[in-house]
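Have a look at the structure that comes next, please.
In order of appearance the chains are A, B, C and D, and numbering begins at 1 in each one.
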Amino acid sequence: MSYEIKVNDEVSDIKVLNRDGNLLEIAVDNRKYKVDIIEVEKGVYSILLNGVSFNIELISSGLKKYEVNTLYNSFDIEIIDAETKYMNSRKSGEDEDADYISTPMPGKIVKILVKEGDLVKGGETVVIVSAMKMESEYKVVNDRIIKQVLVKEGDNIEGNQPIIMLGEVEE
Amino acid sequence: MSYEIKVNDEVSDIKVLNRDGNLLEIAVDNRKYKVDIIEVEKGVYSILLNGVSFNIELISSGLKKYEVNTLYNSFDIEIIDAETKYMNSRKSGEDEDADYISTPMPGKIVKILVKEGDLVKGGETVVIVSAMKMESEYKVVNDRIIKQVLVKEGDNIEGNQPIIMLGEVEE
Amino acid sequence: MIKKILIANRGEIAIRVMRSCREMGIKSVAVFSEADRTSMHVRFADEAYFIGPAVAAESYLVIDNIIDAAKKSGADAIHPGYGFLSENAEFSDRCKKEGIIFIGPSSYAINTMGDKITARKKMQTASVPVVPGTTKPISNLKEAIKTVKEVGLPVMIKASAGGGGKGMRMVEKEEDIVSSVTAAKSEAMASFGNDEVYVEKYINSPHHIEFQILCDNHGNGIHLFERECSVQRRHQKIVEETPSPIMTDEVREEMGKHAVAAAMAVNYSGAGTIEFIVDDNLNYYFLEMNTRLQVEHPITERVVGVDLVKEQIRIANNLPLELKQENLTQNGHAIEVRIYAEDPDNNFMPNPGTIKHITEPLGLGVRHDGYVYEGYEIPMYYDPMISKLIVWAPSREEAIDRMKRALYAYKITGIKTSIPFLHKIMDVPDFKNGRYNTHFIQDNAKYLNKKVEPNNKIKDVAAIAAFVNYLSTLDENVNDSSATALKSNWKNFGRKKSLNRF
Amino acid sequence: MIKKILIANRGEIAIRVMRSCREMGIKSVAVFSEADRTSMHVRFADEAYFIGPAVAAESYLVIDNIIDAAKKSGADAIHPGYGFLSENAEFSDRCKKEGIIFIGPSSYAINTMGDKITARKKMQTASVPVVPGTTKPISNLKEAIKTVKEVGLPVMIKASAGGGGKGMRMVEKEEDIVSSVTAAKSEAMASFGNDEVYVEKYINSPHHIEFQILCDNHGNGIHLFERECSVQRRHQKIVEETPSPIMTDEVREEMGKHAVAAAMAVNYSGAGTIEFIVDDNLNYYFLEMNTRLQVEHPITERVVGVDLVKEQIRIANNLPLELKQENLTQNGHAIEVRIYAEDPDNNFMPNPGTIKHITEPLGLGVRHDGYVYEGYEIPMYYDPMISKLIVWAPSREEAIDRMKRALYAYKITGIKTSIPFLHKIMDVPDFKNGRYNTHFIQDNAKYLNKKVEPNNKIKDVAAIAAFVNYLSTLDENVNDSSATALKSNWKNFGRKKSLNRF
């Protein structure tokens, strides 16, 4: 039973070699580990590896994707099974995602400083969003053209929701 | 939608009269309440009744039985639906449970002080059980005859497991 | 005597006030907006009343709604906490008019101190040193440019009604004056409903040191020593400690006297804080007075051994102060850090969300004042501070060690927090040596932005945990009839009690 | 200097020791039995090693297994906590032989103090007052009767190797002598592997007051004042406080000197406790010395401001004590209560089980030392104590108020605990007045056994919560295809954000 696993952007092979109760021999690429692993709370694993005690907290999104927190680090981990591979193979060759401004968290549109068709310079602020009493200015990195404004002032927005579509400026 | 509900040993009718989001009009027997009720954590309800704030913690065993903890009290609560009523009607008329010694928690048999056929006086210790480093003596309340000893010294036992069967003493 | 207190606030401070109420045998009443029905302060209170929509301007800031709730509950006093209506003179007056005790100062004290410009004048009269700056609020942008040039760059633009870093902007270059004033005014309006701003000379290498004071209604006033609050990000305090590592006994005594004099100058009643800006040579200037409890009040409580909320309530009960200046001492060292729901790797962006799992730090010398719990969704409408961690130890060095231990043990998943960032602060040499000012964060970017590069082993351990969870979940989802053997294989993983060992 | 410490223990004390290790930059090593793989101390440690089956006699009490784990981990010291091997002279010696520092006293001190009869003689030599009683262990039942009659009833039968109330029996009637001696011997054997018992005169109206001492390897010894431990159930302490409400400054000073003298008499090294039995007139007698950290050490830490585990480690590092008797003071008042997994309504029967939900008390003046977490199953093999709650306040009265507040806020479901019982203790007039002795529990049965009779309203509120949960669960279990509308009706109950209000 061999799988691929993606930790942040790195893909490794992962394979259970042997299991005896909660004692596990497991190989990640060619690195072999003997671990004592147990789920101590929902989503929290205690792992002993050569006596060293690790606490690992998992937050799963869907069946195969995890945010994994160790003491000092946080990893995005994805299990790559046959289905995922198939999906990935189909995906490659497609265009990149459309270019748009979005916010990482929910908030409220305070001010929109541009309208459709505007040309904006790199570094220029296009929208101000308020979340948790802080106002944040969202800027474009390069010179862009405003293709579409999807929200209006006062709107509440979700995290990662496209709010302004951007187009490339023809030189 | 009317049900009966048993709180400890008292049975009342309970009926939702009206519901609007988490605002509920509900009648327990002929006592009517308007409550604002919300599940704030898994099994923990916050209830506001005429402004008074209650925190209620539920531990369910099966679908219809609950241990319910309020600030200073703990209640055994059971929802009595048609099925339960049917089961109860069948049960009535049966004999009482067999008479036996058991412990409320898991433990280990330290010493058995009686054997089958012994006559024991009321108040006499029949078995000593150790749990969590404390030894507890289990006594008979009335004069009894030992019908059967189901365990031996050193045995680990579960909570509520019959360990010694008792019989009535003929006068 | 007060029997029932309505706490016109939410979050950790509402709960903190309720704790003292409970210890005094006083009933507590919570108020909540639509976003806060599941909030801990509602669950913790004896009573709770709904006061309006999620947006604070339509609930926590609506005086009528608060007064209504107080009447409904029969509360005889209102504690405003910090923020919201805590420094609102109208609210103080309204309570008085309604026959409800406002646990805080009179509208006169709030107005005088709340308007920074009036306060400056008052302090000058009371011989308390003040920072050079404008004497009246800026009314238009043209005037702003003129005034700033008069005071001389760099300057700070500050909201007259302000506090907590909101509506505050530093201006270094002339071309930024207009945009900064505009931004400060807009934030001031949004936060305080008042867009007046004023200008102050910017002090180089500034330390932010404040004094806790208590004044009763019988002419007694004392200070409970200083708090060093120079570790700030965007003018928002994130680490506070007491005693201040730069303080001397002489300056402390002198500043304490000035702090009490400042409060007395406005006939202050209750708990308040006099903020000073202090330079490297311990020259100090009155900055402002916060006419309420401060976020960082627990470090004073720990080192002086006083429950400040109880003192506030006693004063509101018209009792004379029992504490005497000559009996107060600073015992050991306390540090507080503020835990925010924010992403330190992404420009400290607020990061609301649902708490998945929380492990609170406990044990010797650790106090934790929070309000979130597992499954709680932090609303996006309010301040992103979720808790405060306060440690005490006999020495500053041990207190830092203890704070690191507490931060190590403090785990919150589901949201990003400032915990890793705070942990790094404790290791910065300037902090360890106690040699820092309000530029600490930018001056120490090289320490604070450093990432701990994970090694292969920790990456693999993380991968193994995720993989095992994946396999267990797979098994759970397998249909019973088709593969019972496989199912039991992983599902009960780790539930076995007797194990073989390697 | 010590770099890595193995903690030969489990539960709250293992974690408490690890906290101080972490603050000192010392690595901590846990050991665990089969029943403890999921225990918090394993998760909290830097390293963890398996040492055998669940039964302590085959794991936590097996010296070879502990030493093996220490070697495997490279630990240079072992902290024994309390209980288990903490007062085992052989273990102290073995560590020495293996070149591992034992954080505790020498086998000589343990042996001398561990054998209560030898200890009595030693104390008499050092002019420390002792309780009248036997001078040698009881070897057979016939002799027992004779000895008890000599000392005069009532008497206490005590395990020579004992502590913590185990292997201890009070005898009031002659006919109970045999059964009590037998029971004490059996418990002593089970708990300590040694069934020697001895007899002591029973002191009427006795107070249990103990002194914390610290001795280094350089001839320095100090005491850190007293702890009042008279609230006991079955000779097991459940509430401790400091200062003792019956203590006077004069007696405190005198007892402190005797406590230090007692420790010095056995060349003691490390932290230890001298237990005294004290009558109403403050006559005091040496009872025994506990040659280890006590469960109730945190109240001393809080009032004196010292981390006792750190002091133990410093002494083990052969450093001289930095604390000086003349600089130590008692600051304010501290109370500890012990939370047991037990059923107060069912004769305090231990009540192991799985923790379903826990809300820990936080805030000003509260310390919580525990080890359980949500989902943790308390094993039936060990002591049922699950945590300790320690509060501090400037006055005893305020400390009691604070403890009540903390107990109010402390919620554990899934198991029965002693929390309601402890709450009642805080309200007993004798406790509030500080007028109590070791008979407190039986003397105040009328207060402590009183049940709060629930009114109809609270019963109905409980019923409503259960009923709403039942309806929600019903909906969840409805098959999607058949009744989607109904399903959404209750399932997302309370997830709506905007609500209408009555």
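Throughout what follows, a contact is a pair of C-beta atoms (placed from the backbone, for glycine too) under 8 Å apart; a residue touches a chain by one contact, two chains touch by 3 or more.
Keep in mind that what you see is a predicted model, and the values were worked out from it rather than measured.
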| item | value |
| --- | --- |
| Intersection of the contact lists for chain A and chain C | D |
| Chain pair with the higher count of C-beta pairs in contact (A-D, B-D) | B-D |
| Approximate Å spacing (C-alpha centroids) for the pair chain B, chain D | 31 |
| Between chain B and chain C, centroid-to-centroid distance (C-alpha), Å | 47 |
| Intercentroid distance (Cα basis), chain D paired with chain C, Å | 36 |
| Sequence positions of chain D contacting 2 or more other chains | 37-38, 44, 50, 373-374, 408, 494, 499, 501 |
| Multi-partner residues of chain B (each touching 2 or more other chains) | 22, 38, 40-42, 55 |
| Chain contact graph, described as a line, ring, star, complete graph or other shape | other |
| Pairs of chains satisfying the touch condition | A-C, A-D, B-C, B-D, C-D |
| Interfacial residue positions of chain C with respect to chain B in the complex | 29-30, 37-38, 42-50, 72-73, 373-376 |
| Residue ranges of chain A in contact with chain C within the complex | 3, 5, 7, 10, 12, 14, 16, 20-24, 26, 28, 31, 33-35, 37-41, 43-45, 47, 49, 54-60, 63-64, 66-73, 75, 77, 79, 104-107, 130-136 |
| Residue numbers on chain D that touch chain C, as the complex places them | 15-16, 19-20, 22-25, 34-35, 37-38, 44, 50, 53-54, 298, 301, 305-307, 331-332, 359-360, 362-370, 373-374, 393-394, 398, 401-402, 404-405, 408-409, 494, 497-499, 501 |
| In the complex with chain A, residue positions of chain C that touch it | 166, 183, 186-187, 190-191, 341, 343, 346, 349-353, 356-357, 380-384, 408, 411, 413-414, 420, 452, 454, 456-474, 477, 493-494, 496, 499-502 |
| Touching residues on chain B, where the partner in the complex is chain C | 22, 36, 38, 40-42, 46, 48, 51-53, 55 |
